[in-house]
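Presented below is the structure to which this report refers.
Which chain is which? They are A, B and C, in the order written, and residues in each are numbered from 1.
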Amino acid sequence: MKSQITNALSDFFFEYETPRQVLVRNRRVGVVCRIIQLGVLAYIIGWVFIYEKGYQSTDTAVSSVYTKMKGVGYTSMNGTERVWDVADYVFPSQGSSSFVVMTNYIITEGQAMGKCPELPGKHNCSSDADCEGGRYRREMTGACVNSTKTCEVLAWCPVENDHNIPDPPLLISAENYTLFIKNSVTFPLFGVTRSNLVEGVDTSYIRTCLYHPKDAPLCPIFRLGDIVQQSGFSIENIAKEGGAIGIVVDWTCNFDVDVKHCKPKYNFHGLYGHPDEKDKVKASVGYNFRYAKHYIENGIQKRTLLKVFGIRFDIIVQSLARKFDIIPTLTAIGSGVGIFGVATVVCDLVLLYLLPKREFYKNMKFKHTDSHTQEPDSEACSTETGESKK
Amino acid sequence: MKSQITNALSDFFFEYETPRQVLVRNRRVGVVCRIIQLGVLAYIIGWVFIYEKGYQSTDTAVSSVYTKMKGVGYTSMNGTERVWDVADYVFPSQGSSSFVVMTNYIITEGQAMGKCPELPGKHNCSSDADCEGGRYRREMTGACVNSTKTCEVLAWCPVENDHNIPDPPLLISAENYTLFIKNSVTFPLFGVTRSNLVEGVDTSYIRTCLYHPKDAPLCPIFRLGDIVQQSGFSIENIAKEGGAIGIVVDWTCNFDVDVKHCKPKYNFHGLYGHPDEKDKVKASVGYNFRYAKHYIENGIQKRTLLKVFGIRFDIIVQSLARKFDIIPTLTAIGSGVGIFGVATVVCDLVLLYLLPKREFYKNMKFKHTDSHTQEPDSEACSTETGESKK
Amino acid sequence: MKSQITNALSDFFFEYETPRQVLVRNRRVGVVCRIIQLGVLAYIIGWVFIYEKGYQSTDTAVSSVYTKMKGVGYTSMNGTERVWDVADYVFPSQGSSSFVVMTNYIITEGQAMGKCPELPGKHNCSSDADCEGGRYRREMTGACVNSTKTCEVLAWCPVENDHNIPDPPLLISAENYTLFIKNSVTFPLFGVTRSNLVEGVDTSYIRTCLYHPKDAPLCPIFRLGDIVQQSGFSIENIAKEGGAIGIVVDWTCNFDVDVKHCKPKYNFHGLYGHPDEKDKVKASVGYNFRYAKHYIENGIQKRTLLKVFGIRFDIIVQSLARKFDIIPTLTAIGSGVGIFGVATVVCDLVLLYLLPKREFYKNMKFKHTDSHTQEPDSEACSTETGESKK
């Protein structure tokens, strides 16, 4: 019993099977097949390995973004000068990755809860009967105000009049603001953490630099006007009615080379409010929201309502890191060998079904286990073998 | 030397090797193996290619979301009527992808920094000794107030009393608000950008439409009550203590067909505050936060504290685009060929180890390089060859 | 015609081809090849299947996070005591996944729009000529103020003086605040939804528990001081100038076992403001933003400006679920078979080009279709076959 196992083991280890093959000496088939095989090889090496880097595994990053605006705006309305600093024009204030910079506004000061007529053009009426409560979305009192010929509503009064958007935009000076972006990315699979303050971007550089696609592609400080322009907007248009711009921080890294070559690229593209879009879907043009500052005056709750038009910036971190990994390498090789097999099958089909001497090749390639074969005489070996068995 | 290389090259190009094979004429093995092979083929073509679309590469999108609420709420407390507009009930105001709509609140007006007794039931005391500073989280003054039998604290006074949540919810009219969602997605790999305002969703349509799962599945305007209902909540429950609802915008696109077929689907599902959850983990039911409006009255800093109960909406963009790509196609084919090889191995095992005529088939399949074989007589060819060598 | 098809079909189904192979009895080749083959097998089974779980498909989750801070801070400046509650120190207030906890601040009270001199050290001047409007970013009036020897600006006056950051930080008591995290994840591919309030984390547990990496790794309530410490900061440093901390909720789940084993892990790592970073890029140290509270006093708009230094927390949900899937399983097997093929090719190269008896093995393996072969005598079978054809 033990010797049997030993025998089987020695048989297993000292024997090696390799397929028997026919060497077909035929120019046409040979050239065609070699070209197919070389093509497959070129595809595997050239495309899968070199171009698509199939020997690497990929990972995307988790990231954290911190933004900080700088700059002061200035408006002069009805003889009243005022300046707008960061605490006034950035929403929200805490430096998140998505924020709005106010570029235009409609201000309605001193609103208090009360009853007042609607704006002309909205809820017109000639008598109280036209103003039944609940007919419209606003809370109606049911009265028709004679002087304006509009219904009376329960609302923050006076009602906001947003028919005319200031043009030119009140805070067009926003184009001179600067934006500082701090972004840190971590690739959990590869255990690498990078900041957009890469090697060479130090304190003294940051103090003076300004992003430029060619001259200063790594400077994390951006002029708003430049961002707007590079995303395909004109500052006049976007500042008036607002819009949204995506700032893509692109981390495409190859960790097979030194990690210091992993640097961010900044791209800017318009998301909403694009002039092209204007013609298509007018309802959705622009970017605005309403914002209220509350206060008490003489014991009465009041608010200042701002309809804010602004540019919304979305910092979008896009990341793809690659590093050599044995699994995708072997998977690529393995499936490449499979494709090789397909090439062989194609060549065999040519050999066995298309060539004039196909019957000859068939006999060379195949051995039959029975004697009912079509050309028994050409099956020297197999017939012999079959007979010796009998 | 040169002719040698030429010879080798011509040998390489004009010769072609193809494996020699045994054609086993055996019904049982044949049928079994053909069925296995057809099964593998059906799997590769049917499952990998047609069902799982293994010939396509996939990409997920980077996206940007902008939301806008519309509608007015109305409350009447202690004879004081007031309305709540967007600037009052949406937090934060700037239209981000995650926001809260207030549906209920506990208001504490006129809080100022000072010393006042705690609420009954909290930090009860009978003498000053029970109120040592630092024993509790709140800043204690160390005094026990006789009238309430609770400790005195340094806090915004009067202290908020949130024992009773208003029921029915004060702003249950929130169900009539509408939500407009604007979403733009970019698939960087395929270079395609889409907006949820797809073909056919234009200005005039948006002005009148309201989302309905069947009748208007592409309308980007949603009634809050509908969202709540479709996410499995009842408006009464969620409005009272708050909750969270995820609005999934699902972009599952196939870019092998025209890009205009790439349309969003909207799904709604409850995240927190679900009635089922209520039984399990009561501590975490509901959604609320505190929000303060500051003002100065007679030179004293005061604030109005709102404990806001509301529905938090998270717009979650889920995207998966597919497009034909040569790499996954060939990988699928290649690994399919490999599976074919496994099928062949299985058939061979049946042939060589399970069939009664297995020794015969073994001899047909294998040629030995030495004469120490067990059945030399049946090894006609190989023996011959071996002998001719000697 | 019909019988022909029937014949072809019966041929196809009752016949089965299997490659003919040479069994090479050679110790060296045998051992080498078997070891290579066993190595490949071990790689496929051990590495791809068991270690990398290549039989599973993967999915990442869409998630929703809700946070809630608790705790009260206390400051005493110039004899004025005040407390800071959640509505005062968390930005934004509505419990989003990214928020800032104020730990230090510079307050500038009673700012009104007006004209005032700049801070000493900034925009110094000796005469009005040094203060031409537009020379600097701030809005200059063009006057040089004698008393301070600085230019006069149009701004919120008095101008904020942020030269000295309070040290020790005013709200260092922030380390005793607690943070409650509620996180729900959905794996769309597998249709599984999980909450971080897993089995066993119920109301009574939440009421008393506090997260500890070893003793209470599932408690969703965290002490701020613990988070800061585990992320590698000291509370003194980070509280003074601010910083950012990432709280990673890691959902690495295997859905081949019971879903209740799918539990979150919490990790903490510093993002900005790290002491190491301080030396490298000083410009970007710390985390601060400006925040204004507006009010009206005697009919004049005023504001209280807060320069907030704080710890920004980013809750980052990282998820990777795995489940058995037939596609990756068969792809792994298929490409494994391909690698096996490569092993065979390597062995064949050894056999046919390196061994002393290589010509003998070549003849065993290959059959030539013509008689121009180098060793016709050893090609018994093929010659025979070739002749019998002629």
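Operating definition for what follows: contacts are C-beta pairs under 8 Å (C-beta built on N, C-alpha and C of every residue); 3 or more make two chains touch, one makes a residue touch a chain.
Source: prediction; values computed, not measured.
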Chains touching both chain B and chain C, listed by label: A
Angular offset of chain A relative to chain C [C-alpha, multiple of 5 degrees]: 120
Distance from chain B to chain A - Cα centre to Cα centre, in angstrom: 16
Chain A: positions in contact with at least two other chains: 17, 19-26, 92, 295, 331, 334-338, 341, 364, 366-367, 381
List of chain B residues in touch with chain A within their complex: 12-26, 62, 64, 66, 68, 70-72, 74, 81-83, 85-88, 92-97, 176, 182, 184, 186, 188, 195, 197, 201-203, 206-207, 293, 295, 297, 302, 304, 326-327, 330-331, 333-338, 340-341, 360-361, 363-364, 366-367, 377-381
Residue ranges of chain C in contact with chain A within the complex: 17, 19-27, 29-31, 33-34, 43, 47-48, 52, 54, 91-92, 98-100, 113, 137-139, 154-156, 244, 246, 248, 269, 271-272, 277, 280-284, 287, 289-292, 294-296, 303, 305, 308, 312, 314, 316, 318, 331-332, 334-339, 341-342, 344, 347-348, 351, 364-370, 372, 381-382, 384-385, 388-389
